[in-house]
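A, B and C label the chains in the order they appear, each numbered from 1.
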Amino acid sequence: MAIITLTTDFGEKDHFAGAIKGEIYSELPDVNIVDISHSVSPFNIPEAAYIIFNAYSSFPKGTIHLIGIDSELNEENKHIAIKLDDHYFICANNGIMSMICAEIAPEKIVEINIHDKIDSNFPVLEVFVKVACHIARGGTLEVIGKQIKKIKPIKDVIPFVNDDKTQIIGSVIYIDNYGNVVTNIKKKFFESIQKGRPYEVSARNYKFRTIHHKYSEIVNFSIPPEKRNDEGRSLVVFNSSNYLEIAVYKGNPETVGSASSLMGLDLRDTVTINFLNE
Amino acid sequence: MAIITLTTDFGEKDHFAGAIKGEIYSELPDVNIVDISHSVSPFNIPEAAYIIFNAYSSFPKGTIHLIGIDSELNEENKHIAIKLDDHYFICANNGIMSMICAEIAPEKIVEINIHDKIDSNFPVLEVFVKVACHIARGGTLEVIGKQIKKIKPIKDVIPFVNDDKTQIIGSVIYIDNYGNVVTNIKKKFFESIQKGRPYEVSARNYKFRTIHHKYSEIVNFSIPPEKRNDEGRSLVVFNSSNYLEIAVYKGNPETVGSASSLMGLDLRDTVTINFLNE
Amino acid sequence: MAIITLTTDFGEKDHFAGAIKGEIYSELPDVNIVDISHSVSPFNIPEAAYIIFNAYSSFPKGTIHLIGIDSELNEENKHIAIKLDDHYFICANNGIMSMICAEIAPEKIVEINIHDKIDSNFPVLEVFVKVACHIARGGTLEVIGKQIKKIKPIKDVIPFVNDDKTQIIGSVIYIDNYGNVVTNIKKKFFESIQKGRPYEVSARNYKFRTIHHKYSEIVNFSIPPEKRNDEGRSLVVFNSSNYLEIAVYKGNPETVGSASSLMGLDLRDTVTINFLNE
């Protein structure tokens, strides 16, 4: 049974996501529709890029990912379908796929051209669903579009490294449900520049000399629980998707505060790593 | 495989929606449960009416729609099941279905009467699920209720038109995830009064002389993107459900603001269209 | 087809829940994944305990419940799998299961020990999913863990009763989507102490002498609807899960206010019942 995933900024209340599911089941009764997220911030392309990049590879090969963010068709915002890593992605050509494509070369990109008879202001429903069902039935990309070579990029996907490789200047690309602050510095990239040198991570006035691999590494388990004060302490960690993340241990944006709220870190803010030559 | 959709005000956190799904699977293992929305504002009947009306028709004929809003049984709030447009709807007789029924005549309405042995304060779980599974198994409405002719209306479903047909007075019935403001003025209704005349749409102090069919129609693509200032501009559009909507281009209630927040438009506010006789 | 439910604090936006689903489908294509809640407040164990307790029993026997709250593995936070009431639960040994286990004796508890080759900072994805799929394929708990006898408790599961049984001192354990305030006083427990005596429920300065069984019991239906002022009135009710709840009739935290906001009641606040000896 084919799997179609949904990643949109439709929110949890409106009828849009429900209508999409109904439309898919109307066209293809035997399909498995899986919500990845409908709570992408409206029109926030980097956020959507981060979410789909870090969810897609858990799904089986052949999965079709429908991404509905800023997808109104106009002369600058065409629709595309991409085959990459044996997964299919259907979205607007607005930068969403550039984060994935920066790491994994697409096998095929087509610009969708089945719009001739569809003048829609709900293209996810009327165009993307048709394309997804076509692929789910085993159809090829060539039938629904013409091949193109390049997609639109987004900024800030790759951090900056200075000439003598003593500094990485990254930026905040995502703030998660716990208020933890995710940067564009990935573990492999970091290690390729670090080459074993000691380092210092800086974000605003905060400095860290250790990047942890688990949040609870900062807990001193030899002290009895009631005497500890680890909750609320900040740390740097490579998160489960291998991005450098500035976190607060057991943070909660609604109550005790989070890395974002307590340290004043927001999307696009700078995070710097300085390497110290021995 | 039967499809049962869920539209409720249970929210995203509580156990209610999960329990409903468990109960359905316990009674009917081979069924496809689809969430339309659990984030209807508590007890907000017009909002639920708008959501279910604009989602249901994307689903295949025969789909069963379970609607859990203000559904506690009492002498003024009976439970009903409706067959309409080859879809089934199960809800309280509190006005939710009057928006759909104003446009499409129901084939059959029954007042559910299987409550004799069920004294429940969670009727969606204990009554609606039973009715939904009965219908999914091919059961008829007559078995679970007695036929009635009329359902409870809600106000403001139809806009007001003055005697000489120079004015439509509509009102705001829904505010969507982007903060766009949806009125009760539908495209067909508008055109039946307009008859080709020029018009002016007024909401508070804002006036518009064009109703667009796509949001990006206001963008001047001949100007380079970095010099444009379309984002945040207000416009009037017939939305994807064909309702007249006052929108802000790429609005976001959390950051840059939205039609609702920037223009001070809220539920039940008036939106007027004046027609200009040549 | 096996059912796996998900209860987490991953939120609605992040990729975590989507990735979990993808991972399950990758390992087990024929499975039914059901979201119970992803909106548990971050690290809020009592909240998760209440949600899973009140959702699980609606599901068919044999259902596997995966609970992802505060599940990072460390020396104080081991992973467990529990068979109880013919359901399976997979979670961290952090107190989540103590509310259920206080009422229903577990058939078997194992401490999961398949971590040898998995050094993960996303154990729900890399450990819990493996365990869930193992159980779904008919595997036994002994294969994935070593049996233990006790689990970690949480506080405030059981209310306090004074020596002469004239008073129950309970506390607020959950605030629901309507802002209603749920206490740890269950109907059976209340009745076992009450033994038919009159009582007074106190919360802050508010006092109630009736516990209702339906919210609309406070409505006087003999008055015409437009002359009533029931909406916004506070009441005490045994809720659909049989917990004593302080509610506001048709409350809405976002608009008119709720029991929690109007009466200033929050998690862990005290609710007292005094029994009056005739």
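Note that a contact is a pair of C-beta atoms (placed from the backbone, for glycine too) under 8 Å apart; a residue touches a chain by one contact, two chains touch by 3 or more.
Since the structure is predicted, the reported quantities are computational estimates derived from the model, not experimental observations.
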Same or different residue numbers at the subunit B/subunit C copy interface, by half rule: different
Rotational angle, Cα trace of subunit A fitted to subunit C, multiple of 5°: 120
Inter-centroid spacing, subunit C versus subunit B (mean Cα positions, whole Å): 31
Where subunit A touches two or more other chains at once, by residue number: 12, 35, 41
Subunit A to subunit C touching residues, read off their complex: 1, 3, 5, 7, 12, 32, 34-41, 47, 50-52, 54-60, 63, 176-178, 213-216, 219, 221, 225, 237-241, 250-255
Touching residues (chain side subunit B, partner subunit C) in the complex: 9-23, 25-26, 29, 33, 35, 41-44, 70, 72-77, 119-122, 125
